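Structures for review follow.
Look at the two complexes coming up: subunit A is in both, with subunit B in one and subunit C in the other.
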Partner chain A sequence: MKRETFGWSFFVTVCLVIFMSVPVWGRTIKIGVIGPMNFVQGKGHWNGAVMAAEEINARGGVQVGNEKMKIELVKADSNEFLNVTDATNAMERLMTQDKVDFVVGGFRTEAVLAMQDIAMDYKKIFIGCGAASKILCDKVGENYNRYKYWFRGTPFNEYYLVATSFAHLGVAGAAIKNELNVPVKCAIVAEKATWAEGMVKAAEGTIPKMGFELSGIWRPSPVATDVTAELSAIQKSGANLIFTIFSSSVGITFARQAGELKIPAVQVGINVEAQKDGFWEATKGMGNYVFTMNTYIRGVEYNEMTKPFVEDYYKRFGEVPTYTADTHTAILQGLVPSIEAVGSLDSDKIVAHMENREYLVPSGKVKYLKDAQGRPTHELAWGPGYLTSLGGQWQDGKFVGVWPNKWKASPTAPEVTYKGMVPLKLPPWMKK
Partner chain B sequence: MNIIITGLITGSMLALLAISFSLIFGVARIVNIAHTAFYMVAAYCIFSLTGKFGLNPVAGMMIAVVVVTVFGLLAYKFVIDPIREHEAAVLIATIALAMIFQEAVMLIYTGDYRTVSALIEGYFIVTGVKVFYQQVLTFGVVLAVLGILWVLLMKTKLGLAIRSTAEDREVANLMGMNDSRLAMITMGISVALAGFTGAVIAPLTVLSPYMWMEPLIMMMAVVVLGGLGSIKGSFVAAYILGFTEALVVFMIPKGAFLKGSVALTIMILVLLLRPEGLFGISFEEER
Partner chain C sequence: MVAAGLYLKRFYTVVRGEVLVLPSRIIVALFFLVLLGMPLISQNPYLIRVIVLASIFAILAASWDLLSGFTGQMNFGHALFFGVGAYASAMLNVHLHIPPWGSVPLGAAAAVMTGLIVGIPCLRLKHTYLALTTMAFPIILMGIVFALPDLTGGELGISGLQRISNSLIVNYYIYIGIMLVLCTIMWKITDSHTGIIFHAIREDELAVKASGINTTRYKLMAFCLSGFFAGIAGGLYAHYMRIAGPSTLEVSMSFMVVIWAVFGGIATIYGPIAAVFILFPLLEFVRFWPEYRTLIFAVVVLLILLYMPEGLIPWVRDKIEKECPRCKIRNVATRKTCRVCTAVLD
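Take a look at the complex of A and B:
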């Protein structure tokens, strides 16, 4: 009898162990989220992915053929601001140790280029959500078989970033002409970083063609802590429009000191620090009237998907999503519908499906481009009807949308205005 | 005018850092790479005390200096003192210490940039140039501290003991001076000065966990240019490099980012002509 009881107990224990070691949902879809996790950019990557995974899992998971699979996220800190090797190690770990099925994230071009190659070695789909360099997508066109697993998730490439910035400069230039009745003198202030080189060159050529006088070019260090010298020189040059190209801490220094010194010019361009909710506090309110490109602004809607995403994100994380939070879009609107459509986790099948889709996302509409020879590049389409991004301005402590507001990409193009736009304001000290 | 103001502020900040670094090197032969990390910790302390706890900025600065001094003394007692006789080991240990501070700050405050409010907002105009009140205040305070330091070193018994130990440790020991205690006191003064630099510069800069690296390189350049261990040399060299940086920013707008490189090039050129640094010989004569 005792023997029989022992036998049953043993059997039940073995069953329990087997039951507990097998997940209720069977296999999961592992998505690696890679980024500089101690920085805003990495936090955006992670938060966006978490929201997407929770939404998908709450509705039962992803339908892969006959199987329902849940999403499992794997966090990888690339530490790419400091060390590209850390980024490649993190990506290698995702591939070999965590054995992820897909990867989203990445930020610095230098790091993403290295990580891209590792993901391609393992034939894993990698959706970039941070780096703007065109070269990442050019590789797809040049060597499709190797690089087809790379897709740009956000932002659109550097050339489109420049085009958008010039549209913003045009709006500010028109305001200066109309309100102050003076010619526009534009200064270029760009941090000394590789990503800004092409933009400076393009701006040098384009600004005079826009009818503005180019008053000078200044190149402070990305981590400069004092730009009063540059600001004095800019004021002396008579500039009333400053084209800023900043992604680092100098964006705070420049805005703060320009505001404190009441430099009579409006700052327009890219200032990554000004895209963050903490900018007002970081500049102690001196960043008023700074105008920067951004992807999401509370109260501005590209389409019906924008508001629910921005508000849910705000409710969940207490801040407006940065563009790196588009890992949400990459997973929810990009990857998952293609997995479900092909009914498989096979990268080749998913790539073939994804590259031919056109779909709405909270920041517009995604369409993947082909190059001049008709080869897929997995580059994002830019322009009216697709992705445009926004122009936002700090107005008395609130970051508001000011562009596109009756914007026409060309004389024949349709006029674009998103819901929630307000007019651009020039700093009052420019009017004295 | 801008060149003068910018040069004076940068030079003064470098002077405070370099003199305090020279002080502990001269007395105890400790190459404290974590020196500017203490400067960073002080800046973050002020950020927390004024921003999160709503403390008065001056009180915040004083508390920050005390906190950093305590950290410095603890670091000396438990990390540096046990290996003090091995200079290379001290060097590596202080690098590790700086990295620990950096990572701790990263963990607590993340990598986001932070700022601290100025003690006095606004600016005034001199000969058409806008100068922040905070810059003038910083310069004045730094000069006052340098003056107090000079009095301490030249007019007090403690200063005499510090200078004697810096000149010849063995003889100072034979004369009854407690070398180890003196080293600890000097470490306290040195770190307090680094903390003080962080405190006064915090409203003029942007805080990040890596803010200690750039001044470290410039501080080392000042110390080498002035003559290793020479306080007078550090003072003069700090202003040379400070004005060089300011000149580059003003004269070459497109090359403002080169200010550090130009300053370091000048240091190399001087060293080619005088390998012992500007005041190296004088310092040796003092010895």
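Take a look at the complex of A and C:
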């Protein structure tokens, strides 16, 4: 008898567990989040998507016609830095095994190009949140019927990234001219990596046009642990502005040694290591006055949506969001309002709605562009009033926003200043 | 009708006398049957994708075995042939609009030329020096790829290649068919007069030279043959992925080929093929534990190499079959006497 009672209790418990684990709501909207999950970029993808899903589900889900649907995220490790084949398998799995409705993520262009084709085969909307190559959106213009399901979520394309860097150079050059009253001599220091080649070429052509003298080009190894030779040569060249193009650990080495040697020049450009919260400790405070492009900076607000997002993210994950965390934006401000507006999960209807929208996101305003022939490219608009990114500078242990601060993209363009901006500071040892 | 019956009877006799007598041959026959019959059981695109990619990498791994396993020319830069095949096919298809049936063989021809170009300077090198030199070639080619972005697409690669077929099942049978045919050809080469010379070069090159054989010619032939098969694999990969990018030339690709071959068993041809069909799906299977995927993969490879230093497949084969000490014919392990010469097996 006792045995029978135990058997029944066990059966009832199992039934209860099964019943409780089945969601109380009906169908869910499945969103695949694909990225290199063992790397900081993939973690950003996942964290951003988790925040968006929780926010939507907390308010009851997405209104799809007459039905309320919750968001269900499916994590897919693309491993794309190490293996492109792996990335395509992960995408195929999302499409056919997990049967997701939409996909966000991707980082390495070569992998994203291959994944893009798979998503397009299944006519699933894929919002890219990492790769900056223009070619991804060019395909939409060239073959709209096939590639219309691709949208750029973040960042804006490589050409705009370069344009932003030059705007930063212009700000620093103007500060040197105004405060020191000396001509600007600019050195280009780019890590020896393929992605930097185009930027070096563009900088070589543009710097003289900006009225600066080009004092030389230096190409240290991306993983160099000593750059004193380059720094001595830069100092000898008389450069007072250094255009940095770093994505690897050399960014720390260069900033630290330049600070230790008190090289009389301000570093401006892209230094991915300087975008991280641990940069100050990594350079032992020697990275002071390093200026780099970034998407989010604590205390800087593009609009009223920025602060809640950045602070919530910081509270939840203990760090400032990187741009790949804009999966949050892609889901919350991109996909969901369009799903609700068309009242369906039909990709074609959502595409038609999404490509014509203009909407605010925590990093500015999204508008999808058309090419010269008027064909939609699903490329993000860059410039005043839209997406611009930020220029941040390390000032006495704090990463602060310094650009755009009374920035005018052209003489007739409106002036742009975001809330929380502070003036750019030149290293004090430049003034001696 | 009578002729058909006679053919069937003859086929049955051959199968009974040649295939069913050895477990390894039964396994190979089952492998062929399972691969060819897979779409009848499941047409899951993900499963089909994994099998197709495994087939492409099986050709690549077997081609490495032909050069390094059989001829002893240790190549640590096999991605070079794969990358040349992929890029050449991609350029021909995208820039010159040559369809895949033309671009893949021409890509393989480019890989053969590369084999010749690489083989000549490598003839004077042996062992570690050869391995290190071959490792440098894909890196050099990657430099060229980045230096000519208008032609090669630079770091983005060449995308938008035409598919071999738009039908999932037709595509599957084309890739599987090519793999089975090419791997059988490679196996037949190693079993031929040329294969024996390849083997002999690996064992004692001086003795082969002393026998009046032009080893230079045979070593170059091994480079070209290996390049041809790897080039085909590269071309097929590019058309399947619809992109040929720098990842095809990465050092990790070269090392993966070596891992497959060593795992399966060097100098066997079937060993690397089996290894790809075990390890590639295994990596997919452990996706449920993404943080530890690579670790699990590494542990499996290490354990196999620790306990089966000759590779997994030769170990399994030695467990299920015995070689006759007199006539060298293989027999099922349960037999007490040889099936041909009746010599005692134990």
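Quick note on the criterion: the second predicted complex is superposed on the first by the 409 of 432 C-alpha atoms of A that agree within 3 Å, B and C clash if a C-alpha of one lies under 4 Å from a C-alpha of the other, contacts with A are read in each partner's own complex, and residues count from 1 in each chain.
Note that a residue touches a chain if its C-beta (ideal position, glycine included) is under 8 Å from a C-beta of that chain, and two chains touch if they have at least 3 such contacts.
Computed from a prediction, not measured in an experiment: that's the story for all the values here.
Following the overlay on subunit A, a side-by-side fit with no clash is recorded for the pair subunit B and subunit C.
After overlaying the two complexes on the shared chain, residue contacts for A:A90 are found with subunit C alone; subunit B is out of touch. Comparing subunit B with subunit C, the partner in contact with more residues of subunit A is B.
Contact with subunit B, but none with subunit C, is seen for A:R256 once the two complexes are overlaid on the shared chain.
For the superposed model, the angle subtended at the Cα centre of subunit A by subunit B and subunit C works out to 50 degrees in steps of 10. Residue contacts after overlaying the shared chain place A:E230 against subunit B, while subunit C stays out of touching range.
By the touch criterion defined above, A:N38 reaches both subunit B and subunit C.
Contacts of A:E273 after superposition: subunit B is touched, whereas subunit C is not reached. With both structures placed on the common chain, the touch criterion links A:W195 to subunit C but leaves subunit B unconnected. By the touch criterion defined above, A:V290 lies against neither subunit B nor subunit C after alignment on the C-alpha atoms of chain A. Least inter-chain distance for subunit B and subunit C in the combined superposition, rounded to the nearest angstrom, is 5, based on C-alpha atoms. Residues 38, 82 of subunit A lie in contact with subunit B in one complex and with subunit C in the other. Listed in rising order, the residues of subunit A touching subunit C in the complex are 37-38, 75, 77, 79, 82-86, 88-90, 92-93, 95-97, 109-111, 113-114, 117, 133, 135, 139, 194-195, 197.
Residues of subunit B touching subunit A in their complex: 2-3, 5-6, 9-10, 106, 110-115, 117-118, 121-123, 129-130, 132, 135, 204-206, 208, 210, 214, 246, 249-250, 253-257, 259-260.
Subunit A contributes residues 36, 38-40, 43, 81-82, 191-192, 216-226, 228-233, 249, 252-253, 256, 260-261, 273, 276, 278, 281-284 to its touches with subunit B in the complex. Only residues 44-46, 49-50, 53, 146, 154-157, 159-160, 241-243, 245-247, 252, 283-284, 287, 290-291, 293 of subunit C touch subunit A when the two sit together in their complex.
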